[in-house]
């Protein structure tokens, strides 16, 4: 078996993370992996959603978008087309849950952090790269709050990252690019904390089904890949 | 540990499925489990989405809705409120994928089957009950196509069903009701085929994280519960 | 002349009303007449619309919807399609006016009761059956407010019900089913209070016109039919 | 009893109809009655709605709008606010039905006539004045089609007009202005053909109810008033 | 060179302005120039936009609309069609800026004046005629505020007016009608104050480009035409 | 007078243009000037808008958007909020007109080129930088069509660019950054072709007005700055 870009089955694409990519944001980065490129900003606002008011804690949420020509063919801008947004909504809910899993909302105080993940070029794995990059942007925002004396400690308990694993013709493959993803039999996204706890596991069979053994093999591959990704995040953030 | 409705940890709520519940639909049922009640219809139309035209195969899709007072407090009807629809879109995409995994779209021919799952009363587990009931409605629609001489064989290869498993205070619980679901540490939905293949596995930690051992225990519980559910579907459909 | 379902010209279809059909609602029922089936809930909220705030009285309003496959062919869900909603809006305004005509908004206090009428199967007469069923659900909600000590007396002064009358080939027919309705020359909906006062009369000629004599004959038929309907409502509610 | 503008109980306000008010339209007029002023255009297009294609007949439809400051307080322009449009939709459906009742859609051929009724100043009775004015604009459009040799005969079989009748403190009043309308106990709109056939009768009690005797008295008043209105239409159109 | 309506190159069409055209508005007029006719109302409300609250000054804004049959062919009503509204938004922003340039928002106090410009018949120059007419309606509204003792002095510092200038086949033409406008090489709109200051200049080449000399010639023509327009406004308003 | 970033009155900010920034697009670039950064893609599709079908020519259009955190404070994503889109629509119409002014739509053939300008960081002058960058992306797309043998010659007749000029305290300033722009008395955008023809000139006074002399001075400054910008475009494109 040979992968389209000559990677080994368990090999990640190179990941590049450029911090402070957007001037105004409290935290931001450009994450690039293969031809997937995403601009991520973390914006802090001194308000919480109405249902959280007066409870002494904050909220972390995410929005996900894609520029019209991020893909092979141009997509129309989302103007009110609910159908088209279904995928985006599913993704942004996943990103938000993943970030909240490592956030101490009490430590954040009555603030909302909105993390915007905007895909400027898409080549597979945009949702997992969004999570990985969002952790970096969120980390910088949490540091800024501490540095500015607004919170006593960082509201981010630890890092979080995600990776996609697929099965194609019985081979378990790490970090699918778009061509691989569109012909995979099983597609799985795994979100894990730096300390190794599972936050989210979403596996979907397309056409075929998968068994317990394959499931375990996929999670093994994910855990291995995520160790590299956490190392990358830490190197970029200058933490150990 | 005691469950709110005195069930054992691995005990399902009673499931009732009333077939042919809606007069006009090609297939339909009312599925009831605890206070969760869902009306499901399978509608066959002689057209396919534009991107599938002329390719000799069909499409199976799902829509999911909830009546305003299905829940404890009344919700506003979805008029254009994209935010509110995020959850519904995520669910209907899951239902559609699950049904397509057991559908032979070639055998269906150039037809679209739209499965509508409308929750009239919600008490936890609406997405998994939708899948379980949708399989029954879809099965009846596939039989009607065969009986009417429109397709040579049933386009449905086998049954599909789903169950929710949760973790609360380290206990693994089967088929969470609303009260349990809203305070669970981990919430997992598992979709499986009658022959035991996994189609979809979605596990989400809320606040805590989970480890591999717990993951395996949850899938074990799900497989066991799903055997009972498949037996129920078959009894209702009069197949063995 | 023979009616499609062998009824006499002035004969109503059987009416079945199941109270407390939806667990969470303050009042609810399932009303069935022929193949027309509607789920109705009355939801009480402790707020009034902005234009009524601070005036010591409440509001009763209605919303009307139809599940996609309630009809012979599946309809698209209303997502923002104002055109498609025209009929629904006309109907829900009629239901709301009819209910307010028998409601003492002062006795209700600063509360809003929203009555949701959702058609799960449609076979003609959905707007009049909605009114008839809504009166039952509203009655139960008003009783609950009294029983819970929230209002001193029932805010519902008396019952209200509605019936459709049509003219086809010069015959005046009571309670049209869908097939009759779609080919009728005149279609009239009459809303009346239990004490015999007219609340609303809406008669529409389709293709032909009608004269005063026919108008009177239609109203006579309606009054007669409504006496049976009020008797049914009272029996179901256990009042005399 | 004395009316606010000193009219007798059965007295109409003066009606002024200016034909050909809008240069481009196939038929148009400005109808003025009291401070109610409406611009009406009839636009002919060589196409029919999809569901009518290839059936050799046309369609007549209406749209109703109101400029933001037609009323005492400024209203927001309808941008997607479905709630606000409920009343407009109800009205435009009534106007469309009324016009189709006097239209020979076969004689019209495969064309659509859209009648736009835009209220520039509102002082009660805008829906009935819209119908009365729309008949004049439609008549002119039908004549133009004959004059241009596009249809063999006028597609308009006869004129149609409408009037509002109300009950206040037991008095039956013809042609309510806004102040009267907002405090009336019963509000009725009656649409009639020139030859005396009833097309639509819509009576609504607000707060009180009404009995058969009052209903008959209202219709008597309406018929009498409509004779004057038909005379006005004919004089303006130069037909007898 | 001969213009379609025989005007000289620098000749304006006759302008007619009817004040107090709409009964309820604080200021209103009907402005007519050629077949262009626009109803304009100035509505005063005792509130300001949220971002201006508590700052002791008011706001002047404009909305621009067009009746469906104002043009040669009928346009659909704007129901949520953002695309179609692009032109309207561009125009209403221009009108609003032009009016604010001559308004003393402090003198207005915490009030909002919304100027609605609704085109009932379009024959070129609707945006400039809207500005010219809006100045008259706004002037009347400002006088009413003074007369009612609500403001100490008029919030309108001076009059404002606008004119369109075009280039066709090297000829500079004043006040283009629709036919001229649609074939012009350059289209320019110039907004000026009564005292001769430029507020807005918008010149657009269509197909060709223009040079500095032509630009100057166009502005000369505009200034000359605007002197006539200011004279007209003053005569209508009875000021000198 | 001293500018906030120490530039001379007529000095442009440095411009950086990175070609082929987005992998899939027929033409694309990242244009950066100060903290203003815009991603631009030119997408070619083999279809034309309905009103242009069968006429042997193409269409060039533009869309303009801004990421939520491109500005000092986060903006909400445009979901159906027409109000918020007013500015964007005005801008994208300007960009589209500017590009069509230098496009030979016959040479393009029955194709549509959609140019997307997405601001990822905003610091003033986004509309003029969009035009300048769009010309580069469009040029590359036109070359690709020639290279692929799809068009005989480039559909782009020449380059186009734009610059903003402002007046503050009587000083004429070139290329305003955000801080300057928000306090300027006059704001002007000038679009010119490489050969020196004016395409669009839009000058707006905010609070003050401007006279002819100042207008001329602004255009002089613009012409001078545009020479530098054209040189930059050519250098980047490798043409002379």
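Chains: A, B, C, D, E and F, in written order; residue numbering restarts at 1 for each.
Everything below uses one rule, namely that a residue touches a chain if its C-beta (ideal position, glycine included) is under 8 Å from a C-beta of that chain, and two chains touch if they have at least 3 such contacts.
What you see is a predicted model, and the numbers here were worked out from it, not measured in a lab.
Undergrad: Following contacts chain by chain, what is the lowest number of steps it takes to reach subunit F starting at subunit A?
TA: The least step count works out to 1.
Undergrad: Farthest chain from subunit C, comparing Cα centres?
TA: Relative to subunit C, the chain whose C-alpha centre sits farthest away is F.
Undergrad: Between D-E, C-D or A-B, which repeats the contact pattern of A-F in over half of its pairs?
TA: D-E
Undergrad: Quick one: subunit E and subunit F, Cα centre-to-centre, how many Å?
TA: About 27 Å separates the centre of subunit E from that of subunit F.
Undergrad: Give, as an integer number of Å, the spacing between the C-alpha centres of subunit C and subunit B.
TA: Spacing between the chain centres: roughly 33 Å.
Undergrad: In angstrom, rounded to a whole number, how far apart do the mean CA points of subunit C and subunit E lie?
TA: Their C-alpha centroids are separated by 51 Å.
Undergrad: Which residues belonging to subunit C are in contact with no fewer than two other chains?
TA: 79-80, 82 - these are the residues of subunit C that touch more than one other chain.
Undergrad: List the residues on subunit E that touch subunit F in their complex, please.
TA: 80, 82, 85-87, 89-90, 92-93, 97, 101, 193, 196-212, 215, 219
Undergrad: In the complex of these two chains, what residues of subunit D are touching subunit E?
TA: Contact set of subunit D toward subunit E: 22-25, 28, 35, 39, 41, 43, 45, 63, 65, 67-74, 77-80, 114, 116, 118, 120-121, 123.
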